[in-house]
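Two complexes are shown next, each including chain A; its partner changes from chain B in the first to chain C in the second.
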Partner chain A sequence: MTALLEIQDLSLDFETEDGTAKVLDRVSLTIDEGEAFGLVGETGCGKTVTALSILRLLPGTARIRGGAVRLAGEDLLAKSEEEMNRRIRGRWVSMIFQDPATSLNPLYTAGYQVADVIMEHEGLTREEADRRVLGLFRQVGLPDPERIARSYPHELSGGMQQRVMVSMALACQPKLLIADEPTTAVDVTIQAQILELLRGLKQDLGLSILLITHNLGIVAELCDRVGIMYAGTVAEVAPVRELFRAPKHPYTQALLRALPRTDARGHALEAIGGMVPSLYTPPPGCRYHPRCEFAMATCAHRRPALLEHAAGHLTSCLLYEGVTE
Partner chain B sequence: MATVTLPGVRMRRAGAFVSIRNMFRLILRDRLATVGLGLIVLFVVVAVFAPFLAPYPEEGVGQSNVANRLQPPSLAHPFGTDDFGRDLLSRVIFGAQIALTVGVLTVALAFPIGVILGVIAGYYRGRTEEATMRVTDMFLAFPPILLAFVIAASLGRGTFAIIIAIAVSFWPWYTRLVYIEVLKVRQQPYVEAAAAVGLPGRRILFRHVLPNALAPAAVQASMDVGSAVLIAAALSWLGLGPPPPTPDWGVMFNNAYLSGSLITYWWIGLFLGLSLFLLVLAFNLVGDGLRDVLDPKLRRRRILL
Partner chain C sequence: MSLIHVQDLRKYFPVRTKLFGREIVRAVDGVSFEIERGETFGLVGESGSGKSTLGRCVLRLLNPTSGHIWFDGVDLMALHGEELRKARRKMQIVFQNPTGSLNPRRTAGQSAAEPFTVHGRLQPVEAAGRVQGLFRRVGLPPEVMDKYPHELSGGQCQRVAIARSLALEPDFLVLDEPTSSLDISVQAQMVNLLKELQRDLGLTYLFITHDLSLVSYLADRVAVMYLGKIVETGEALAVLERGRHPYTMALRSAAPIPDPDRVPRPAMLRGEMPSALRLPSGCRFRTRCRWATDRCAAEEPVLREVEGNRVACHFAESIVEVAA
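So, the complex of A and B:
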């Protein structure tokens, strides 16, 4: 398999009135063709910013300090805004968002807004685009596509809205679909349906998926590999089974211990001590060291590199770099 | 996708939410707004067919008939007659032409200017935003009627000057309303979603941001038609209106006031005031109805299908 997307040492700040927030610090990850990659972390750890930097839809305060984002070998950070719109967004990479209810324009029918995207990108006539829309709606499992195409977003259920969103994202056959917490705003039944849908699309279309979530359970269900982010850095990247079986980074280990388990009924849940650091004044060295149970003196000033300490398993921790104090 | 029955035509028709036909249908479900709409239609018909509807068209446009002066309402003169013996009903009917022209033209002038500036300020931000909004604030600092008075006075008498003056004092309100909405709408996930699938900025601005940001300004505009008529009447009453025989309602108030008959002969003030009141009320009722219609979430499913 070849890498479809490659993010290499991406560093990024937000220049705000309160100062400079070091939002991403040397973030690296790769996604292969047809692979589902889960990006997991707490709120504010930089998952969404990483995703938005692929599409170059960052807020105006964002400053990219270094690194590269390559899609099929092309450097996305060097592209013009016009080329991003014409060739990349929607055609190579698409994104679906958390809340399906507000991700569709309330003024247009579902069919109209999906057709709009197709017309913009492929120059089809309205009739041709409409026909494509019905096919797409069928593909994402919407019952009675004709009726849904004529419905306004507020007339659809949350699950249907999310499917319309997915069909809009897939309208021009992108290679990579970024799903930013697609199951957070919907109930459990629909969660399961959406995951089933994404799994089907991955299988049938060979779609690569970047799934952003804070729910490890959802990652386990859908993803091939998973990356754990902490305070703007990548702590660990591993195949899903490997990560659950043998987590290496102390943060990942603590995170997994904090999951409720059926076989540990009656025991109090563990929590990670301390607080997520402020990104305006991130701790020097390893950003996790103030909370780390294995922290050594060196951790406070030397930043660990994301290295492959076992086959296919990358960890960013000095414990594995032979540092002992 | 084997056999697809194509709803092409229907899909397109239902495409844009704000179709005029839809809007009328929805307004007609609101009893008060229907009354308002009915009144507006009545005023428009009266204004358009004034020469045929007025019992004394020559007197309506200015010819005096001194023998008949200051007659109370009767069958021959349902609204009575004025200082020069002119039939007041005919005068009011011709006055409706001027009132409607002033109201509609003022808003037609101020609305697009205000909306365009508001959208630009809200979407492009930065220096453009600062410059536009500070100028807008300067205009908003003056009460509209005072600003309109000063501008009308410096432009000279007449209906045209009054229209310009009121339009100049009205546009900043639309700018403000649209600007605030654009700031809200641009944060909406559907705007981000549209950007994520590669729709260019201009298209997002006009297809996704503007239509969603227009509702409050549109409601304001429909009410402002009435306000413009009211302010125009006030300016005319203050002597800035067209010269006397013109059947401008404000000018008629002014003349009757100066001659003293406004207070002595009740019918003049009553019928003029009533016409003005009904016209302003009509546009306010429609504006209120429009507010409900333009919020998609307030609409019931049943209505749409």
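So, the complex of A and C:
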């Protein structure tokens, strides 16, 4: 497999009234063709910003400080807005969001909106686009596509709205689908249906998926590899099995132990002490060191590099760099 | 005697629809259960199942349409005005969204002191002293007292809300998705705090959640709700791991498990929960149930004993859970 997407040492700040927030610090990851990659982390860790930087849909306060985002070898950070719109967004990479209700325009029918995307990108007539819409709706498992096409978003359930969003994202046959917490707004039985849909698309179309989530269970169900982010940095990247069986980074280990499980009944959960640091004044050295149970003196001033300490398993932690104090 | 005894509780909401004029939503439709003192009773279900409405009805924050609620032997439905207000000191609720349940214009200390001024008629200075104790109890540093909600993290806000709920030394807390807006590591802190408080203060919890792994970790007994009814209830693990109702099975199969070795199963349930305005005849779950027969459309199943749990399904004994 070859890397479809490669993010290399991406650093990015938000310039706000309160100062400079160091939102991403040397973030690196790759996604292969046909691979589902899970990006996991807690609120504010930078997982959504990382995804938005691929599409260059960052807010105006964002300043890229360094690094590269390459898609099939092309540097996306160097592209013009016009080229991003014409060639990349929708055609190579498309994205679905957490809340499908706010992603759809309430004033137009579902079919009209998806047809709009097709007309815009493919230069088809309304009739041709409408026909394509029905095919897409069928592909994402929407029952009775004709009726759904005529429905307004508020007439559809959350699960159906998300399927409409997926069909829109697939309209121009992208290579990479970014799904940002796609099931957070729906119930668990509907979530299972959406995950099944994504699994099918990956299998049948060879679609690459970047799944952003805080739910490790969802990652286990869908993803081939996982990246764990903490406070704007990548702590660990590993094949999914490896990550659950032999997590290396102390943060990953703590995160897995914090999950409520049946076999932990009667024992306290292992919570991570302290709080996520402010990105305006991130801790020097390793950003996790103030909360890390294994922190050494060096961790407070030397930043660990994301290195391959086992085959295919990258960790950013000085414990694995032979540092002992 | 159980601390909480709910019998045949119903809550119907009148709604206006364009097509049919006035209609009735049966949000909670004939629910009975008991909660023992010191126990955690988990209420599980998806949105629209009626679990939050039920939680509010138990405290009479919503007035039930009919039914009975006994709290420590006292019939809450018979209480009014001042009597009800007094009874409410012993039962409190903590909501899902901690920032939304605190007044943005009041400091955390002021919010937490409110129960004292409303119910206890304490002087502000006295109340402040008590709040300091409560904050220590829930693991908040004293300086948080002077902070406003927007200056606090979600986890801290939830601790303030819990501190406030403990102010009048209640016996019973309704916890309505208290951790679902929190991150995993913060959720773990919050769950530990709730367990600790329960142990130290002898609290009884009604824990409302959609998170099966959470409820299987901390509940003693559970009830699974679907469209206003309890479809299965019993010991937590007996229901969650071996429950016989097809909906319990579907929830179990849909819950994402952080174990990559588990083979992904196709979604077990097709379609979505029907509107509470158009309840299916007979068994409410039958429109999504793969085992439904004519009998399910004709005859509503009642809760009955099956392998130690109470299950509302005509075919609970014969249904075999399929790995498909």
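Following the convention adopted for this analysis, the second predicted complex is superposed on the first by the 325 of 325 C-alpha atoms of A that agree within 3 Å, B and C clash if a C-alpha of one lies under 4 Å from a C-alpha of the other, contacts with A are read in each partner's own complex, and residues count from 1 in each chain.
Note that in this section contacts are C-beta pairs under 8 Å (C-beta built on N, C-alpha and C of every residue); 3 or more make two chains touch, one makes a residue touch a chain.
This structure is a prediction, so every number in the text was calculated from the model and none was measured.
**Student:** Evaluate whether chain B and chain C can sit on chain A together after superposition, giving fit or clash.
**Tutor:** The answer is fit.
**Student:** First (chain B), second (chain C), both or neither: which does A:Asp144 touch?
**Tutor:** So A:Asp144 meets neither chain B nor chain C here.
**Student:** Tell me which partner A:Asn105 touches in the superposition: chain B (first), chain C (second), both or neither.
**Tutor:** first
**Student:** So, does A:Asp75 touch the first partner chain B, the second partner chain C, both, or neither?
**Tutor:** Once the two structures are laid over each other on A, A:Asp75 reaches no partner at all.
**Student:** Based on the superposed arrangement, let me know which partner A:Met84 touches: chain B (first), chain C (second), both, or neither?
**Tutor:** first
**Student:** Looking at A:Glu155 after the superposition, I want to know if it touches chain B, chain C, both of them or none. Which is it: first, second, both, neither?
**Tutor:** A:Glu155 sits against chain B, while chain C stays out of touch.
**Student:** Hey, in the superposed model, what angle do you get at chain A between chain B and chain C, Cα centres, nearest 10 degrees?
**Tutor:** Nearest-10 rounding gives 80 degrees.
**Student:** When the two structures are overlaid on chain A, which partner does A:Arg199 contact: first (chain B), second (chain C), both, or neither?
**Tutor:** Second partner only.
**Student:** Please provide the least distance in Å between a C-alpha atom of chain B and a C-alpha atom of chain C in the combined superposition.
**Tutor:** Nearest C-alpha atoms of the two chains are 5 Å apart.
**Student:** Indicate the residue numbers of chain A shared between its chain B interface and its chain C interface, in ascending order.
**Tutor:** none
**Student:** Which chain A residues qualify as touching chain B in the complex?
**Tutor:** Contacts found on chain A: 55, 57, 60, 82, 84-86, 88-91, 94-99, 102-109, 111-112, 115-117, 120-121, 126-127, 130-131, 134-135, 138, 146, 149-150, 152, 154-155, 165, 168-169, 171-172.
**Student:** Once bound in the complex, which stretches of chain A touch chain C?
**Tutor:** 42-43, 143, 157, 159-160, 187-193, 195-196, 199, 214-222, 240-241, 244, 254-256, 258-262, 264-265, 268-272, 275
**Student:** Show which residues of chain B lie in contact with chain A when the two form their complex.
**Tutor:** Listed in rising order, the residues of chain B that touch chain A are 1, 4-8, 10-12, 14-18, 125, 188-190, 192-200, 203, 207-208, 211-212, 296-297, 301, 304.
**Student:** Under the touch definition given earlier, write down the residues of chain C that touch chain A in their complex.
**Tutor:** Touching chain A from chain C are residues 46-47, 153-155, 183-189, 191-192, 195-196, 210-214, 216-218, 237, 240-241, 250-251, 253-262, 264, 266-273.
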